Amino acid sequence: MPDNLADLIEELALANRILAHEGVLDAFGHVSVRHPTDPNRYLLSRSRSPLLIEPDDILEYRLDSEPVKRANVHLYAERVIHGCIYQERSDVAAVCHHHAPAVMPFCIASKPIAPVFHLGAAMGELAPFWDQHDEFGDTNLLVVKPEEGRSLARTLGQHSAVLMNRHGATVVGGSLKELVSRSIFMCQNAEYQLRAYALGGATPLHPGEVRLAGAISLLPNVVTRTWEYWTMRLAASGGMPPRRSAAKTRRRSTKARKRR
Amino acid sequence: MPDNLADLIEELALANRILAHEGVLDAFGHVSVRHPTDPNRYLLSRSRSPLLIEPDDILEYRLDSEPVKRANVHLYAERVIHGCIYQERSDVAAVCHHHAPAVMPFCIASKPIAPVFHLGAAMGELAPFWDQHDEFGDTNLLVVKPEEGRSLARTLGQHSAVLMNRHGATVVGGSLKELVSRSIFMCQNAEYQLRAYALGGATPLHPGEVRLAGAISLLPNVVTRTWEYWTMRLAASGGMPPRRSAAKTRRRSTKARKRR
Amino acid sequence: MPDNLADLIEELALANRILAHEGVLDAFGHVSVRHPTDPNRYLLSRSRSPLLIEPDDILEYRLDSEPVKRANVHLYAERVIHGCIYQERSDVAAVCHHHAPAVMPFCIASKPIAPVFHLGAAMGELAPFWDQHDEFGDTNLLVVKPEEGRSLARTLGQHSAVLMNRHGATVVGGSLKELVSRSIFMCQNAEYQLRAYALGGATPLHPGEVRLAGAISLLPNVVTRTWEYWTMRLAASGGMPPRRSAAKTRRRSTKARKRR
Amino acid sequence: MPDNLADLIEELALANRILAHEGVLDAFGHVSVRHPTDPNRYLLSRSRSPLLIEPDDILEYRLDSEPVKRANVHLYAERVIHGCIYQERSDVAAVCHHHAPAVMPFCIASKPIAPVFHLGAAMGELAPFWDQHDEFGDTNLLVVKPEEGRSLARTLGQHSAVLMNRHGATVVGGSLKELVSRSIFMCQNAEYQLRAYALGGATPLHPGEVRLAGAISLLPNVVTRTWEYWTMRLAASGGMPPRRSAAKTRRRSTKARKRR
């Protein structure tokens, strides 16, 4: 992950767009990353649909989810999800909250998602359920109050993802790229798992397989391949890579070509 | 909602295209809005597929669904749906009739759609069923006669949507933007609900949650985000925003940028 | 339907592309139309995927499915389907044979498709099944021999469509536009019917409704709307309307605008 | 299949992109072809997503899956799949390993894919299952060690495809074009089979039908049609045909037009 702030902001804008283009995010959902030099801050867009986010939309927040500088723009209502998780989990460098169509049926049926193919192991063996109604009664289901965010973070615990009943999912990662892979593969896993039920049932990976296969998506071999693929698919979809990072991507791939 | 007639006509053309692009409307279906200054009129396109509608296609109708000015063009056969609802419901400012693939299985299986995720609450707790055959026997299922339109409006009652057996759905809103959000989120809700059954069953929102979450899609925060997203997706899909409103959209977003 | 041969050939090329773009045809499937002045001939492309067919690809065939002029190109192996139906059914002006993903599960499960929504009534109340194995034992399932084509035509009888077990469907129409609408709406119907089963069951239209709603897709109102919609969707998908007809479409729509 | 090395490399790059565009391959999966003049070598890309592969990415490998020339690039971790199959099966000229969404539910539910429509017969009557855990216990499920590759090749035996539990599928062909057709039709078959279960059950082809219909996709008539279709679809999807072969395709189709 870039330790330079400007580069990280560009990577975050690109991560937003990739996750939107791959069907994890839609009009809603958001992705944040911890500040590269100040662990008590995180970076997150102003309130905007992820497919459209540009580096200029990214703001700095404190861990209480208040913006570092007052900004005259709409903010995401649910940003405490990010702040509360960064407070609880010093190992987490990136957070994604989403309502992907692939996971929604599981959140509605209260049926666990279990890793059923090797790449699905990126989500770990278990994603716990969190039902906002259990602790807070009738709400509009948005995670807006600090105590709601803390409760969600507690249920997440040391897991890589948490399913939110009648709402969506929140996924965490040790880096932005780990988060992007985990979010995408967890959605594919859910999709295949649901369809396997139509064939009579889904056999999950053996626990030992989950441990070993969980690391696949972090192999340098694999990260290079997936990141190039998702970036190019986004670009081919109609020219919506974030403004500044487009130039960087070009420069980087020219270098890569020379290196070969 | 714009109170200027020309602006509202543009917004209506755009609403048609957004709903078509998001999979609510196809070759069929139509969207109307009440006249901004004369509550005894409404605005609706000539007979044309919603994805193609331009401001020039929009006509004014009286509440008996006859055009205010004679026009030498095809009209939608089912426009009484709109007129009859505007007569019954003074609180309704916009109406959409559609056959979205997401709701059709429910209209065919006579299975109720229930809000199963927070955004789905935009449809309210219940959408009643209306079966044209109950009152009118064998027909071609088109709602063409004033008495058919009135019967449908009666079943709609004070609800936000009504499902029409073996035919489709009709959705209403207090504004065009509310209608667009409600129509899209109700389709997503139906899609997730159907898929949740494949996992063993769908748990609907608690009634109190429906009341509270039903207002999410009207938050200024949210309306800005969804409208920008749907408009940009439409534009990116191959340049089919309505002619005049494209220029306005550009002007408006320039202003927005300056304001930040 | 144009009675001019050149215009009809263009309409046939466009019908091929529309049906391919709407998901009825893929690499395979074919559409023919009876010759406008000689009922003992029909028009059909050389062997080519329907999405790519241009007017120059269209050949004339006799009703024994031999080309009128020897041509040094590949011909469709299954063209007897067309010739045998034109021989049996003087009322039929157009034939489409396809393997649409929407109908395949029904052809594989031997489950009847029944009209479950108003537009689905375009297929009529019943589409019989034809199993090539019943009469001909083990074959490669292609309908190649005249006796196979005649057997299929006999099972079609006076219906509008016939389902072919483990193979696909064949649909007929009184005009090219009727055929295109019927083929598309029958696929939508199958899609909705399959999904309604996931909700507990599909209630078909009342027989009287099928008779009355079956005529909707031929209303001038509706034909104008659907044909414009499907043509524009095809054009927007990446510029693949057949060469010569693109110019005509432009001319025609200019005229239409003037008329308003 | 071209016996000229440069032409075959272009065809391999194009095969990668076609299979990616038709939904068989995604960020992962790979396709190889045996060397046209040295049966002890095969051609396979460096580690890269198939949609992006260009002729320059293709490397030569020995049958022990080591590159003939040292290259300073990432290699696919699972290339032993290819080498081990070429060693066991002298009749095999091309190999594809993939995780297509259509086959994944079958690999997860351990439910056999059976040919249920005429084109599906391209896969042969039976695709055996191979579970890496049976012989190797807990692994990350990647086929990386020579003994894993040999075990997979043994289970494949004389079949045309093998399903890998909780992982994916491996398909072989007597030529690149046969492999591409077989892979695509097997995925369509799986898709239709799964959906037929939702209707009550899938009736497979009679064994004699499988034998006869299995040859359809190799008819010159059919190969010409499918290859043109898949190539044009790829080109229309946003200009991603491999660099050099694009020129060749143009030249070839000009020739074809002159011949008519």
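To keep things simple, chains are lettered A, B, C and D as they appear, and every chain counts its residues starting from 1.
Just so it is clear, a residue touches a chain if its C-beta (ideal position, glycine included) is under 8 Å from a C-beta of that chain, and two chains touch if they have at least 3 such contacts.
This structure is a prediction, so every number in the text was calculated from the model and none was measured.
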{"item": "Path length in the contact graph (chain B to chain D, fewest steps)", "value": "2"}
{"item": "Per Cα centroids, the chain farthest from chain D", "value": "B"}
{"item": "Copy-to-copy rotation for chain A and chain B - C-alpha atoms, rounded to a multiple of 5°", "value": "90"}
{"item": "Interface sides of chain C and chain D: same vs different residues, half threshold", "value": "different"}
{"item": "Chain centre separation in whole Å, for chain C relative to chain B (CA means)", "value": "32"}
{"item": "Distance from chain C to chain A - Cα centre to Cα centre, in angstrom", "value": "45"}
{"item": "Residue numbers of chain A (touch at least two other chains)", "value": "197-198, 237"}
{"item": "Category of the chain touch graph - line, ring, star, complete, other", "value": "ring"}
{"item": "Chain-to-chain touches, reported pairwise for every pair that qualifies", "value": "A-B, A-D, B-C, C-D"}
{"item": "Footprint of chain B on chain A - complex, ascending", "value": "26-28, 47-49, 51-52, 72-75, 77, 99, 101, 104-111, 133, 137-142, 165-168, 194, 197-198, 237-238, 240"}
{"item": "In the complex, chain C residues that touch chain B", "value": "116-119, 121, 188, 191-193, 195-203, 205-206, 208-209, 211-213, 215-216, 219-221, 224-226, 228-230, 232-233, 236-237, 259-260"}
